[in-house]
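In the two complexes that follow, subunit A is the common piece, with subunit B as its partner first and subunit C second.
Entry: the complex of A and B
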């Protein structure tokens, strides 16, 4: 059994323009010691998926309509609020993207880290502060004890980022969800964050769910990748397979449009031709069809399911669990064959 | 800290000086004088009275004499000691023009403690109740309870204080007979006026705390706190309350000044001899010295309370340094 298993997740936001299914039929697994990535352009539902795991979508006004999230033999979506609280940060931790916004400006760093241990491990404030000091030292903050009494605005951006990670990971969670952990950071800081996450995975066997729109990052960090488009999974595959030969036109376009290594790291996902999808007014059939170069008549009427290849060559995909939600995936997966048939 | 206090003391002196000067000039610009409302005095008597209070002097000279301690009295410091008053800087606010046998200092010494006592009582309960209502409303946002509390606050803000006072008297004094109708001889006498005086403040604080807290609860760091597995009560108390209270605290400076200095309406209705009624009456009567005296007390109070609020701000929000205020 997997460490974390999300099945058939569906999340709705009620907006002034009507209901938006930010996440729909999303399923994936995460094992201990591995990194799984959710990628996709802005608005594809990555963050909503991440928040749903800890029962946090209600905070931003969303509703989980269907789905199961299995962790430690329990369906997190069926837990009471107090049971869920015991899981948060203690078993499953979220590393937020923007340390400046994620840390409370009114409270000291020490208190904000210590309270995690107080509530989950029953430590006294004094004991928890000692542990917090150690944790700050572990993430490379100089004079950690002195920093405990600092307020977030008294730290540098890098120190804040380190402190946020120390806070998120102090209870040694089994699952770490990192939502765009490097997006707002300069390259050196991004490396540091990745390093800390990797260490958590390798030394403590945590499973890492990496939410990102940085394909290079995902390609280098993740074992398995789920590409999301308009709230659904467009393609699921092991990272090496996925980037070697995408089975979905959207993945292919993303990969082609990615900024080159020598260029700057993108702030946003590189543009794929065509207008981004409007989640409040999804196209009929395949949501990607207005932008798809492989589009056929059927795409406008029917919605493709996430599945492996039908042909003999698809047997391989059954084993690796590779899937794509595209009617024309054979044309991408087996281009040679297509070339040979008239 | 000393820096802050020194700067504020300087600011206070400057502010009061400007306020006094403006008030002094403005009062002389409106027609009429302290004695023009009375039966027409014979010209000779009027001149006498004016001379007694130096109203026959040129304005600048009156002003200098009023501010003190420089003595420009004809009688002089070493004269027959008939100087009318020593001047504001010497702590002497002069004689009242209308209350003939009283000095402004005496009037304030009698009325200010009454207003301060009534106002403090009103402040204490209205801050406590307003905060609780605001917190409950924000925590139970959108519930029936929240709706009722919001309606209550809107009423408290919208209803004029004489209506609230009237209702209170009608119910608790006249119908139930639990509390006296008017007067100021016991604590029970202060209950109804303090309720009427504090009601709009409580309502305003409730509203400010509710919106402030809701705003604070929508911050990213609150989501972090929830993701840490803290109980909601801790999230509110520890993570949201400080930020949420800031708007109410900035309102509290002027509000406290207003309540502490007494309200004409409340004091009239409940026959309480406070400062509030003197303020309006003195302006209408052209009782120059009394009006100026009350103005000075008010501006000192408002300025000090605002300084206090700034101080509270720096205690609550670590990002605001005392040195920068």
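Entry: the complex of A and C
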């Protein structure tokens, strides 16, 4: 059984422009010791999915309409708030992006970290502070015991980021949700955060759910990737397969559109036409069809389901669980059989 | 190519909020921008790159050194001459949501700079605005719309149109695509590439994204705590970065495993307590080989012997300096 399993999740927000389904029919699994990525642009539903796992959709003004989120033999969506609170922070932790905003400026670093253990593990203040000191040392903070008495503003940016991660991970959570964990960080700090997440996964067997818009990051960190567009999963595959040969035109377009550090430097980038989807005004049929170079008539009328390939070669996809929500996926997946596409 | 803009030993200092300490956000920077060239200014947060950009358009004052346009120090210009210089150097900010006044329609956004600089009459301004909208890929039907009706990408197009309204020669682009989605970023970068060809513009890209630098620029300057530590062609920079800090930045961007060994510790120093000598020396893996020089003596930016070669501020290259 998987560590975390999300099935058929659907989240609605009622907006002045009518109901918006920020997440629609989203299903995926996360196993212990692996990193799974939700990747997509603004409006894709990736962050709302993370909120749902943390049980925070209601606080953001949304409603979980359908779905189940199984963790530790329980459906999180059926738990009471107090039960959920016990799970949050101790078993499912969120790594925030902005350490300055996430830390309380009026409390010492030591007290903030110790509080997690006092509340969730029932440790005494003294025991919790000892553990907090050790946790700060583990994330590479020099003189950790002395730093326990520091306030956030007395630390450097790098030390604050380390302290925040120590706090997120001190209760040894089984699932770590990292929502754009490195976006605002300088490259050296980003590397540190990724190293700490990797260590948590490898040494403590945590499952990491990486939520990001950064394809390069996802390609290097995640084992399995779910590309989201307009609230739905457009494509699911192992990271190496996905970026070697995407099965969804959106994934292919995104991957081609980015400027590169190595290899050929084109005169112009292969830009994706049109604007990111407006969740409150979804096109009919496939939500990506107005921007898609593979569009056929059916795409304007029907919404494609997420599925494997139909042809014989598709047997491989059944085994690897590789799926794409595109009527024309065979043209991408098996290009040799087709006349070259425009 | 001729030099359009030249910075000579430019220094911009801020006073700490509520405190006595001073911070040199830009510390003795000398750089030359040629007409029609595209230069990138890269560095981590706090490196001073955005402060430098703001100083170039007069949004912050510099304490010493000079900004020269066509060889003339802008501090010594009359207010009328200064207005003419401002017209030639325009800036586009990172956040198109914050940089556009929500109360102004597209027409008003674009008419404002023309009015301030007293260019044309109502009729010719209207024609100019239509031409600007066309140039940035917006519709002339967008004329009466307001920024909130636009997507992020369209807003950035509008911000670019506003910067182009005065027919500048140099456009400063401060992280122009970092607030945009990946699929939209490429559209805006392609637009900028076309505009540069069409109008013969020079660009100064302020960015931390090295892939963008490689796609869009020919020259690159690396800043570290207010100082330029390397200036070279983009080609040289990616093939063989010279400064140990540049090497670390390139390796980090490539997600190369050796990146971990190129920076000693992940933590940058406090800007209020910068190390002596070379600011980078406590994080530099090569400083120990060079002995006490790195901690004692501040290396100056000097061109290496090669023709139009790179400049670097590092004692490792002391022997190769051009005399």
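Assume the second predicted complex is superposed on the first by the 327 of 342 C-alpha atoms of A that agree within 3 Å, B and C clash if a C-alpha of one lies under 4 Å from a C-alpha of the other, contacts with A are read in each partner's own complex, and residues count from 1 in each chain.
Just so we're on the same page, a contact is a pair of C-beta atoms (placed from the backbone, for glycine too) under 8 Å apart; a residue touches a chain by one contact, two chains touch by 3 or more.
None of the values given here were measured: they were computed from a predicted structure.
By the document's definition of touching, neither partner reaches A:79: not subunit B, not subunit C.
Applying the stated contact rule after C-alpha superposition, one finds that A:295 touches neither subunit B nor subunit C.
Legend: residue contacts after superposition of the two complexes on their common chain; A:119 is shown touching subunit B, with no touch to subunit C. In the superposed model, C is the one of subunit B and subunit C that contacts more residues of subunit A. With both structures placed on the common chain, the touch criterion links A:282 to neither subunit B nor subunit C. By the touch criterion defined above, A:272 lies against subunit C but remains apart from subunit B after alignment on the C-alpha atoms of chain A.
In the superposition on chain A, A:257 makes contact with subunit C only, not with subunit B. In the overlay built on the shared chain, the residue A:94 is in contact with subunit B alone; subunit C does not reach it.
Contacts of subunit A with subunit B, set against its contacts with subunit C after fitting on chain A, share not one residue. Against subunit A, the residues of subunit C that register as touching in their complex are 44-45, 151-154, 181-187, 189-190, 193, 208-212, 214-216, 238, 248-250, 252-255, 259-260, 263, 266-270. Contact residues on subunit A toward subunit B in their complex (touch as defined above): 54, 56, 59-60, 82, 85-90, 93-94, 96, 98, 101-107, 115-116, 119-120, 151, 153, 167. Touching subunit C in their complex are the following residues of subunit A: 41-42, 140, 156-159, 186-192, 195, 213, 215-216, 220, 253-254, 257-262, 265, 267-273, 275-276, 291. Of all residues in subunit B, those touching subunit A in their complex are 219-231, 234, 238-239, 242-243, 316-319.
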